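Structure provided below as structure tokens; questions to follow.
Per-chain residue numbering starts at 1, and chain names A, B, C and D are given in the order in which the chains are listed.
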Amino acid sequence: MTEGHPDGVGNEHRHGYTAEKTSHLKRLRRIEGQIRGLQRMVEEDKYCIDILTQVSAATKALQSFSLELLDEHLSHCVVEAAQKGGAEAEEKVREASDAIARLVRS
Amino acid sequence: MTEGHPDGVGNEHRHGYTAEKTSHLKRLRRIEGQIRGLQRMVEEDKYCIDILTQVSAATKALQSFSLELLDEHLSHCVVEAAQKGGAEAEEKVREASDAIARLVRS
Amino acid sequence: MTEGHPDGVGNEHRHGYTAEKTSHLKRLRRIEGQIRGLQRMVEEDKYCIDILTQVSAATKALQSFSLELLDEHLSHCVVEAAQKGGAEAEEKVREASDAIARLVRS
Amino acid sequence: MTEGHPDGVGNEHRHGYTAEKTSHLKRLRRIEGQIRGLQRMVEEDKYCIDILTQVSAATKALQSFSLELLDEHLSHCVVEAAQKGGAEAEEKVREASDAIARLVRS
């Protein structure tokens, strides 16, 4: 697990997503609500197909969240590393490619 | 939204997943924990790639949940409808196919 | 690999998809054309993003094909096995669930 | 459709994937072979589940191909655009994000 602030104290730059923190938290709370809704559906013996529909909706919401996060990561962290060039650029691209592969395969 | 007990009060048969209710609820609570973990990571400005890794894990957990639910649905509701035959069998298969398409595309 | 005609010679019933053979072959030939189009794009040094767009289109076409095949399999083989009941029904459902899992995860 | 050589004649730089052209073509020919194998299976009335297994294999092969292409695109085109900075960097990131979203959703 990488530390939260690799750039250190006093550095204005955080991560790509910092500016969007509030909107990200709102999204994640909505997804948490969807998961709790699923628990209620199971408790109330709702029809399997209706539960599956809600699972698909929650999965899609998680997927959109990750695509937004990835876009911000490319726009900020990857672009900055590319400008520094060399090993750091390569490392950031490799890391992003691995994350994309995990998303595509999940 | 289909009602929870289409077969009516006093009918022993519920849905395919009823027997597995406790295990389903446990799984969904674990996924809820993953989503809350994601909120903490965003709040603490964790590194985007680490967040993306957690989102992939939660997505995979949701996917496994839906595959289990679907398997139970096929084993119970679809098999029973097939035994009754006719329009009910057709309707259940069409409904299951639609749910599968939503899963594959999400 | 299961044999083509498990029900033996002289049995009118083939697989779920036999009736749809012509339409399936047409679809697969179109997908083959998409893959050859991709080879041409690579040979002509087309822009990566345009190639990726075509790969997504071919992937979606394969996915639709598999969803149609699966729907026919449920409607015919699984429904018939369910009507026979017992171990055969269970086996067919397990087999279908495994195929669905492979689709969802691919 | 973007032109093959946006950088013009005489420019040594092509696309990220040019160096890998031979390996890409080999991969695509193998996928074409898988699609033709599927046509044979349909023609010979092979068992639906076996066909579905082969469709999943072809889908995974297409997916790996697109992940490799995307990695090369990020390593070359996006990194170079980032070094130029400004509107071009933004445009390349947006374009890559859109391609990733298409992959994740297909």
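The rule is short, and it goes like this: a residue touches a chain if its C-beta (ideal position, glycine included) is under 8 Å from a C-beta of that chain, and two chains touch if they have at least 3 such contacts.
Remember, it's a predicted structure, so these values are computed and weren't measured experimentally.
S.K.: In degrees and to the nearest 5, what turn takes the CA positions of subunit C onto those of subunit D?
M.R.: In degrees, rounded to 5: 180.
S.K.: Which chain maximises the distance between its CA centroid and that of subunit C?
M.R.: When every chain centre is compared against subunit C, the largest gap points to A.
S.K.: Can you check how far apart subunit A and subunit B are, centre to centre, with Cα atoms defining each centre and the answer in Å?
M.R.: Centres of subunit A and subunit B (C-alpha means) sit 22 Å apart.
S.K.: CA centre of subunit A versus CA centre of subunit C: separation in Å?
M.R.: From the centre of subunit A to the centre of subunit C is 32 Å.
S.K.: Using the average of all C-alpha atoms in each chain as its centre, how far is it in Å between subunit A and subunit D?
M.R.: Going by mean C-alpha positions, subunit A sits 23 Å from subunit D.
S.K.: Please list all residues of subunit A that touch 2 or more other chains.
M.R.: 63, 66, 70, 96, 103, 105
S.K.: In the complex, go through subunit C and note every residue touching subunit B.
M.R.: Going through subunit C, the ones touching subunit B are 63, 66-67, 70-71, 74-75, 78-80, 82-83, 85, 89-90, 93-94, 96-97, 100-101, 103-105.
S.K.: Over in the complex, which subunit C residues touch subunit D? Could you list them?
M.R.: It comes out as residues 1-6, 14-18, 21, 24-25, 28-29, 31-32, 35-36, 38-39, 42-53, 55-56, 58-60, 62-63, 65-66, 69-70, 72-73, 77, 95-96, 99, 102-103, 106.
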